[in-house]
Amino acid sequence: MCRFLAYRGDPIFLEELVAAPCHSLIHQSLHAVEAKTETNGDGFGIGWYGERPEPGLYRELRPAWSDENLRSICAQVRSHLFFAHVRAATGTATSRANCHPFAQGRFLFMHNGQVGGYAGIRRRIEAMIPDALYATRAGTTDSEAIFLAALANGLADEPVAAMACTLGAVKRHMQETGTDEPLRFTAALTDGEHLWAFRWACDAKPPTLYFRETRDALVVVSEPIDGKRDGWQEVPKGCTLVARRGRGLSLECLNEAMARAA
Amino acid sequence: MCRFLAYRGDPIFLEELVAAPCHSLIHQSLHAVEAKTETNGDGFGIGWYGERPEPGLYRELRPAWSDENLRSICAQVRSHLFFAHVRAATGTATSRANCHPFAQGRFLFMHNGQVGGYAGIRRRIEAMIPDALYATRAGTTDSEAIFLAALANGLADEPVAAMACTLGAVKRHMQETGTDEPLRFTAALTDGEHLWAFRWACDAKPPTLYFRETRDALVVVSEPIDGKRDGWQEVPKGCTLVARRGRGLSLECLNEAMARAA
Amino acid sequence: MCRFLAYRGDPIFLEELVAAPCHSLIHQSLHAVEAKTETNGDGFGIGWYGERPEPGLYRELRPAWSDENLRSICAQVRSHLFFAHVRAATGTATSRANCHPFAQGRFLFMHNGQVGGYAGIRRRIEAMIPDALYATRAGTTDSEAIFLAALANGLADEPVAAMACTLGAVKRHMQETGTDEPLRFTAALTDGEHLWAFRWACDAKPPTLYFRETRDALVVVSEPIDGKRDGWQEVPKGCTLVARRGRGLSLECLNEAMARAA
Amino acid sequence: MCRFLAYRGDPIFLEELVAAPCHSLIHQSLHAVEAKTETNGDGFGIGWYGERPEPGLYRELRPAWSDENLRSICAQVRSHLFFAHVRAATGTATSRANCHPFAQGRFLFMHNGQVGGYAGIRRRIEAMIPDALYATRAGTTDSEAIFLAALANGLADEPVAAMACTLGAVKRHMQETGTDEPLRFTAALTDGEHLWAFRWACDAKPPTLYFRETRDALVVVSEPIDGKRDGWQEVPKGCTLVARRGRGLSLECLNEAMARAA
């Protein structure tokens, strides 16, 4: 289990959310409250959009709490859209390539969850990735594989449908191999403009996901970064929070999308 | 605050204590129980004696819990005398050179504690290190500086007196700069043959220290590695456990040694 | 292109070959002579056999020349059979999981060479790895994939035939995708007892490989560790040097083995 | 010996100098031409000024040539003033804290050179650093120590005089300890506005230093980043290139400044 945050709004320094608040993401790397694991010390990553269509990426295998570079970069970089993630590994190695967020072209993706019995179905999930994208597969995580498979399933055009289709396929692979462990998927996706935040699990126990909308900004988090509940709304289980630029927020049902995709 | 263990006895694979027990040192890197900090993820180190008078050393800035090399080395190396340490930094950077144990010639040293107001008296403590040893000062911790200063004060000949003398001097430096923070010192030292384990604090709150003696071995730990209290004895506050090869264990009073040194 | 060495014989400290000679493997990490790249600074690894059937492994992504741990471990560990490798990456990331040697059960494997057009046929090579082994695929290199595929092709029973079969299959995948780049394969394999050293390329330009046999030991190297040619014999192109315990050295022709496998 | 570059001018993406040119600084990390060492693989660093008075800093102990984060950050960050440095260690460890540039408040400093017999006079140089600054001493290099000592000697007000005074003192310490090795000092300093580039050695063999001035920008380098000599001017031996904002470039004689300081 991991912790993450996504921000879209008026440009701010990353440190305002990543480092400064009492329950900032860096704080959560050592003291998460709502996670299965309190410590998220198996690497971290930030991804942000600046002047280019593709995001910048800084990922490192040290714990976030002791990384001087992270603090310095977050104090310098100002962005209207950024992701940050601290990792608690669930079976795969601690390496930069296994750290979130993952980038592909204009897209950023990060995940908190698990694919039950992943070691046994890893190749089946990877087989969903087309050759051209497979060459960019740099790590070994389920998260990166799902992202690449979803891109092949149309993530750029219909994110919710593409993700539903991908999760449905992963679930079928899990059923075929007979695992008892669940598929749980709380994730965030952006193309540098719009933002999607997913919360779904096959056993109705998806990891927590909150958002806070103000006049200036939307913040999506695993758990509130101010340590309070006021002002934060839960993304309902089974839903995707859709934040298209210039439009109001909306919720889409992932189960329905999965039924359509099946 | 950190966690450590020291072993002397019949040669065993390091993994028997470092990796295997339910509350092994690797487990404590993520879930310490008796420490001020539950997580000890700011690097780690092992030092061991094999066929040579000088110990081997493997120190790394990643957390112990995710280091594949640590597990592999501990599964291969068998030793009659070894130290292992997982670090929770108290103000100095996460780097290999700041990881314990520290080695000098035949000696190994590791520490759990704090020097109150260290940043302000660091140079005074370093001034206690003679030039020849100062060239080997590789990190910035109080622990390494105290070790090098104690070597200059006769650690090789009279370890308890040398350490008492050094701690007394550090305490005076602290008093002169008027810090309110305490000096706490729980540590282990060996020359590859004999073993000393110190537990002292100026405020009578030294970090915990336990030992277990069997027919085959002596184990000294910050907290029991089996998660139980049976079979473990506390090193009394203010005392040094002295384990000279071929002799029974004894306890020496550090305060008396400090009075003699003063 | 990389540099490596393999040793089998009377137990010696690893440092005698890895660190001490004027042209030691650590020296070659910075100043290789017979390689396409003079610098081999993209990580390194050592694997050695001690008291257990499985080898120990220390792999790290820093350059070998500046790694204090490597020097200390090589000064302590004495072994009758060990591998050491310094890496110059050819397209895949610098990470521990991409460092050689690779271990599987009792086996150690390391490689110097290239699979032309690897990015395009990576999945085809990975498809040769059975599910059970695929779960242990930790990195993204061609070398690791070939090793795992060869294990599936009978490496434990008939190493030369299994490797010939695997290389033949890789070559066919390369032909199908129409790459102009060559397949070059200089490698070493051991099960902790016997040793095989391969030197083959589809374009008759396999990387260099030498061996030196004395009464006490066999040493196999990419280039001589003493910087001299005396006493070193070249493994002929297209050949495998076979060093079964208790028997004399022999050379087997890989092309014949490939013809038989086809 | 190391390689570095400094830029001041119209804001550009760091990659335009650090990553893109045929002989970029990243290229020089593997293939320097005018240095004593071709490989500069002992860590690297970039420092840049954005919206804040203090610079951002990204330093890492991996070689620059294989660091994905460096490429991504350099592709995103646009700055009017930045430093970049690739390190070839001369006796001190490879760690982040030993990587250049060093930052203090608004200042950035980086160095290429050597202090002969440094191990023996390290403490004397450190003694030139006042207590308040000494608490920020994070590494063990001569370069960082000289920077901190120069700050104490008035670097903020009279950079050339302060550096001359500091180098003079270092030279005296060297003479007192009787080293035969030289003091060589090629370095760059900025406060986020003005830029100073020093080239001096006690034996008239200071490391190379070039600059190129165009209408839009000033670039200072250890060796030309385009692999050509056209358009580059050498900073004369014994001189400091002074580039105050809004004024023309000037050269100041360091020897004269040292004579005045003595």
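To keep things simple, chains are lettered A, B, C and D as they appear, and every chain counts its residues starting from 1.
As a working rule, a contact is a pair of C-beta atoms (placed from the backbone, for glycine too) under 8 Å apart; a residue touches a chain by one contact, two chains touch by 3 or more.
What you see is a predicted model, and the numbers here were worked out from it, not measured in a lab.
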**Complete:** Contacts shared by chain B with chain D include exactly A, C
**Message:** Between A-B and B-C, which chain pair is linked by the larger number of C-beta contacts?
**Reply:** B-C
**Item:** Interface numbering overlap (same over half, different under half) for chain A and chain D
**Value:** same
**Complete:** For the pair chain B and chain C, the C-alpha centroid-to-centroid distance in angstrom is 40
**Request:** Scan chain A for residues touching two or more other chains and write them down.
**Result:** 68, 93, 96
**Residues of chain D that touch chain B when the two form their complex** = 93, 95-97, 119-120, 122-123, 126, 131, 134-135, 137-140
**Asked** Taking the complex as given, what residues does chain D use to touch chain A?
**Response** 48, 50-52, 54-60, 68-69, 72-73, 75-78, 96
**Request:** Spell out the residues on chain C that touch chain D in their complex, using ranges where they run on.
**Result:** 30, 38-39, 41-42, 61-63, 65-66, 68, 89, 93-94
